[in-house]
Structure formats: structure tokens, C-alpha cells
Amino acid sequence: MAVSLDLLMNAVISGLLLGGFYAAVSVGVAISFGMLDVVNIAHPAFILLGSYVAFIGNTVFGIDPILAATILLPAFYLLGMALYQVYYVAFERRDDQSLRGLSFFFGVLFITEVTLVLIFGVDYRTVQAPYIGPSLNLGLFNLPLRLLVPFLVSMVMVVGLQIFLSRTFVGRAVQAVAQDQQALRLMAANPTKIKRIAFGLSIATASLAGACLIIIQPVEPSIGREYIGRIFAICVLGGLGSFPGMVIAAMTLGIAESLTATFFGPSWAPAVSFGILLVTLAVRPSGILGR
Amino acid sequence: MTALLEVAGLGKRFGGFVALESIDLEVQQGERLGLIGPNGSGKSTLVNCICGTLRNESGSVRFAEEALDGLSAHERTRRGLARSFQLPRPFASLSLAENIRIPILYTVNARATGHLGRAAIDARCLELLGQVGLAAKAGRRPRDLTQIEMRKLELARAMAAEPKLLIADEAMAGLSHAEVDEIIALLIRLNAEGVTVIMIEHIMRAVMEFSQRLAVLVAGRKIADGPPQDVVRDPEVVRAYLGE
Amino acid sequence: MASLVASGAAPGLRGVPFTLALIAVAVAIFAFGRWLDSSYAFFIGYVVVQYIVLGTAWNILGGYTGYVNFGITAFFAIGAYSTVALHKLVPTLPLPAMIVVSGVLAGLVGLGTGYLTLRLRGVFFSIATLALAVVVQTLITNWDFVGGARGAYVLRPKVAPLIGGEYVQYLFLLMLGMCVIVLATARGIERSSLGYGFAAIRDDEGAAEASGVPTLKLKLIATTLSGGFMGMAGAPLPFYVTYLDPASGFSLNYAVNAIAMPLIGGTGSWLGPVVGAVLVGGLQEYLRVTISSAVNVLVAGVLMVAFVIAAPQGIVGLFQRKR
């Protein structure tokens, strides 16, 4: 009995830490889809890009993966802005059907994945860092540092973004653009420019999220697809446009997956998020705290 | 005689915002009802609730002595309730004739009262387009139309469903004097053929000319309902809407 | 977006005459193949025709109705793995019967998915189909009866039943047959009430509802047909590859190709997926042989993005505009 409880506790703790990481993975889509209504299903590809960037930084230059990702944040930001510009010119401005926009991002996802395969191959890649391996032992609980550090980084990033969105002019403009573009124009802010900035931020988060990912687990190009379901499950469950809801949903998913992996085996974990997504969509599409 | 349309205690909220509060409205068979009110007073919301595009939280809608609650929009259209949209919503990839075809295929042909063959439908499409002066453009796409022509298409599409009750939601906005007359004449002709019409408009001249009865909606409430001459002199109506 | 009215190479040829023309073309192609007597030709031909079926199936829901299905691999694999399971249970069951079963199963899954998600915005439907693909993959990976993660071997018979010759010729023939059925269905839908209903849903679902179109019912029909045909396309796969494992059965290539080919060829008519499959399939094979098999995979994705940005009406649409 005691053994089971121990197992359970650790599964829940791991799930919570994992959930924090999932929040970092999803915050980008919470912005692009939740606020800008851009269905960027290619987001996981950029996370993987972040992972590989961290990988190169770590293996070739010997720097800490999170540091590597932080250094390249501006590059990802610019990439996001460029991507939005293409999307805007090709689709949003033409007021085209969402069919084409979705296909565009699907294509981007695919191209990124295949390109990564061509460059890095399908072998699993990992990074080295002093916190991968050791755990913090707190009596009953075992906190693996390789989960704890990404958790902390993720929380800092998500909270930082929340503060940015609610306290700065640009941040508030981003929140506004989701709701009323006309009012934004009257405030002499260009909605397209604001959206570009927001999308840039969205992709920038992928850089850090990717670094966290490769710390938590070995990475190869196709695992991005698993994350599509996780991300959208979290965003939908949490309610589009709500950061706190998203974080709660992320924790919930993390715990659910962790428990499934512990008691049923890790090969069932991918189905959990998608199962939750399907059920949420069928039952309560507006999510826990959604509008 | 029971009214064709009976709206009783209808209420609709969006989150915390009360869009419609306990609306009671009756429309008799063959009547010409005008519905006016300031922007944002809930006129279009009321139409959406009656037609099933939105679900009302409270109250009920009865049409031809049948409760409509729970029925989807297309089921209501099939039962004879048609509407034109305030902002035209044409089927952009189809020609004008095909735009008209859709309601014929899915309302007229779905009813027990006779199925039209291909040739008959083609003829009917041209006929309807002719009634709104768009027959010459039957093969063109909606993007080739002016705003005004799109409104006419909207109306023609609603007429194609051969409704018992037609709700024209601000169909005349932006039209010239002559065009307004055209539409009024069209709606009166339709009414003479037995179609009950609810006209939602801001153009008072049209409303006064057309309506047998006038209802006024302000901030989600109906504040007046009666003969047009009396309603426009009602001090509350003047204060809330006409006197602006 | 190409209108349903101006639709492709054979304006006016519909219904029975069209189907007969398709059958004639199919017979001619098969006869030509037999005359060539090249194994390679049949193997390639199978792939191209398979993509015509997949692409057309996708297009019924995607191009005609406006709902993007990313879960192609789920339906395709349901077909493939039904065959594996049925083959183990009833080894004497002929392949055509397995194709029918696959189609029915995949169609039911399409119906179920649709029922759960089609009341929502189209975007959520698309995301749900992505979810579906992974769920089905996870389920099958954990199902040992069909080999699970290790994969399953299926013995390809030496000789083709009925027609003799190599078995791959039989597979090609069956795929041609499915192709005729799917194309005839697509063409039949195009100018029918159903097709107009689909187009109305695609253009403006709210206005369609207000015009009397039973949107949910029609969407469910589209999803069921689309999913069913995709399942049928997957049914012969185990015999074609002889070794089927989830990694290859659920390969993203099928999904990208099934979407890219109609988008490149043109989503407005039955002809688009055909043009797309032949051109892109041919190009991919050429690249595979000349450069590498990794690069050819990239082609579909790159072309799809290019066309979606620059030529949304596809190749068929480009030709129609010039008229």
C-alpha cells in the first residue's frame, strides 16, 4: 500500500512539473490561436527547432541549453514576425477560407519536420547539463531536477508574458487586438503591426520551450506531432484567451499523462491528451475558464 | 384567430449583457409589421432568435401554431420562416442563379408540396432574379455586384424559400430614393400574394409607407407596439429613437 | 475558388456516360500495363492511383465542403489494419470483401468523429482530426493482434486471382476500380443537390442554414463518404508492402500528399485531385530515383505551401481562368 502511495505521489509531482512545462509549450498557441485567431498547428515544429538549436549550442559550443535558447530568442522572434507577414499577405488580407491557412501551416509543419530529419536524422538527440540526472530528495517526494528546472523556466516565461500583456502598452494592445481591431485603430496603433509582434512573441516562446523539451526527454523530429494534440487540448480545455485557464489545463494534462504512464505504460500517454481534446470539444468546447 | 408568429417572453443574454428582455410580439397572417429602434437595441438579435440562428434562453417562439424551440435554423426556414441578413452573406463561389437555387433545392423541394425539376428550378431562379432586377447578371458571381445589388440578392434568396413569413433586415440601407421605392413595391407585392412581412428599417419613410403596425425596440425592450401614426407620436419613442 | 458550374475537362459529361468513360479509360490503362509487362510500372501505377482515391476522398470533405481533415492517416490505416486483422481471422476472405469492410469501418469512424465535432467551428474539426490520427495510431500500436509496434507480415500471393499474372497487377486493378467509383461519386456530387449544399456550407455555413440546408446532416454525409473511401484506399496496402508497421502505416507522407495533391491540382472539381496525383506523384518518383527518397518527400510539402499562397485555385483553376 505504502509503495503504491509513494508511486502515486511521485507520479502526481512529476505530472505537475511536466504540466508546468506543457504550459510553456502551449503559451505560444494561447497567443497565436487564443488571441490572434491564427491556427498555427506548426507551432510544435518551432519547438523542435528550439530543441535542436539548444542541442547545437550544447554539443558544438558547450553552452547550457537554456542559455543557448535565450541567446536565440530574438532570432525566433524575427522568424515569427516573418511567418506572420507571409500568412497575413497570403491569407488574412485576402479574407480567404481557413482551409488554405490551415493547409499552409500544415505544410510548414511538414517541411520543418522533414528538413530536421534531413539535417539531423531520426536518431534521438539529448543534451548535457549539470541538472540532468540528479534529483532533489524531499523525504516522500522525489523532484527530478531535469523536470524541475524546465518547470521553473516555464513558469518564469509564462508569468513574464502575463505581466507583459497586462502591464505594458504593447501587451495591452495585443489583448485589445483580439477583441476589437477598430478601437485599436482609433488608438493610433496599427493592428497588423501589433499582431506581428504578438506572433513573433508566440514563436519566440517556442525557443525556450524547445530547450526545456530536450532537457526533459531525448528528441527526434517526429515527436512534434504528439505535441499538437497536447497543445490544443490544453488551449481548448483551458479556454481560449485565458492564461490562468491554460496553466490549470496544462497541469491537469501533465498529471493525467503521468498517471497513465505510471500505471498503464508510457505508450498510452499520447492518447491521453487527444482523448481529453476530443471529449472537451464534444462536451464543453468553451473550456474550464473560457469566454 | 391565432397569430402566425407568437413570440412570448423572449430573453437573450450574451454573458452578462442582456440583449433582449422579455419580448412579446405577435404577427398576424398577412400583416405588414415594421420594427424600428436605435442601433444595438436588439433588432437583429431578435431576428436571429426567431429564426434559430441564436438560441434564446427564456421565452418561446411559436410559428403557425407550432413551437419552434429546439428546432435548428434550417428546420425553421423549411417551415416557412425566411430572413435576409443585414450584412449580405452570399455564397461567394456560386453564381447568382446558383445562390437562388440553394434555397429552392432545400426548402421548396424539401416540402411535401411538390418537387421542382431541373428546368423548373432554372426558370424560377431567373424569375426571382428578375423580380429584383438582377436577371441580367444571373451567371455572374457575387463579387461582381455592387453593395446595393448584393442586398437585392439577399432579398431574392429569402424569397426563393417561398416563405409564409419574411423578415427583411435593413434591406434598404444605402439605397437611393428610387431603389427604396422599388423594394417597398416588391415587398408590398409579396405581401399581396399572401406573404407576411416584418420590415426592420431605419428609413422612416419606408417604414411608415409600408407598415400596418409598428413595433419599437429600445435597449432590448419593446417600448411600443401599435398603429404607426400613434407609435411615432408616443413620447417615449420620440425620446428614445425618433428625436435623436 | 473554382465554381461548381465550370468544372473541368468534360463539361456536360455526367452520370452514366461519365462513369462509362471512366471505366473505358481504366480498362485502357490496365491493358496498356499488361502489354508493357513491367512490374515497376504496376507498382508506381498503384501508388499514383491510390493517391487519386485518397485525394478525391479528402476533397469531398475539404474542397467541396470546406472542412479540412488532417486525420487522413487514421482512416487510411483503419483500412490497412482491417485487412491485416481480417486476413488473420479469415485467410480465405477475398480482398474485395476486405475493401468493403474497410470502407464501412472507416466510414463509421468518420461518422462518429463528425458527430462529436462538426457542431463546432471548422477549425476545431480540423484539430480534432489531428487528434484522431494520433489516438488511432496509439491504439493500433498497442494492439498486439495486428503486430503492434513490431509490425505485421502479410504474405503476398504469387499469382493474381481471376486475371493471372503477378499479384501486384491485381492490386492495381482493384485500385483502378476504387478510383472509378470515387471519381464517379465526386462527379455525381458536383452538380447534384448534395453538391450545391456542400458548396453553400463551404461558402457561408450560417447563410446555408438560413436557406434551409441541413448543414449537420450534409457534413456528416461528407465525413462518412470521405472517411470510407480513404479506408478503402488503405485496404490493399498490407499486400502491397507485405510488411506493415505503425511507423510506415501512419506515415505523415500519406496525409501531406492526400492534401497537397488536391490543393495543387485544384479543389473545385473532380479533375483537380487527378491532375495533382499524377503530376506530384510523378515528380516524386522522378526525384526519388534521381536524387534521394528523403528529398522527394519534401516536394509535396513545398509545392503545397507554394500553391496555397500563390495559386489557390490550383492547376485546374488556373486553366479555367484563362478561358
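Assorted remarks:
Just so it is clear, A, B and C label the chains in written order, and each chain counts residues from 1 on its own.
Criterion: a residue touches a chain if its C-beta (ideal position, glycine included) is under 8 Å from a C-beta of that chain, and two chains touch if they have at least 3 such contacts.
Treat the numbers as computed from the prediction; the structure is a model and nothing was measured.
Of all chains in the assembly, none touches chain A and also chain C.
Taking the mean of all protein Cα atoms as the centre, the chain whose own Cα mean lies nearest is C. Rounded to whole angstrom, the centroid-to-centroid distance between chain A and chain C, based on C-alpha atoms, equals 32 Å. With centres defined as mean CA coordinates, chain B is found 46 Å away from chain A.
Rounded to whole angstrom units, the spacing between the C-alpha centres of chain B and chain C is 43. Shared interface positions of chain C, defined as residues touching 2 or more other chains, are 1, 202.
Annotation for chain A: no residues touch 2 or more other chains. Residue ranges on chain A touching chain C, taken from their complex, read 39, 41, 86, 90, 96-100, 102-104, 106-108, 110-111, 113-115, 117-118, 222, 225-226, 228-229, 232-233, 236, 267-268, 270-271, 273-275, 277-278, 281-282, 285.
Across the interface of their complex, chain A is touched by residues 1, 62-63, 66, 68, 70, 116-117, 120, 122-124, 126-128, 130-132, 134-135, 137-139, 141-142, 149, 202, 252, 256, 259-260, 263, 267, 294-295, 297-298, 300-302, 304-305, 308-309, 312 of chain C. Touching chain C in their complex are the following residues of chain B: 51-53, 72-75, 77-78, 82-83, 85, 89-95, 98, 101-103, 105-107, 109-110, 141, 157, 160-161. Remark: chain C residues 1-5, 193, 196-197, 199-200, 202-204, 206-216, 268 touch chain B in the complex.
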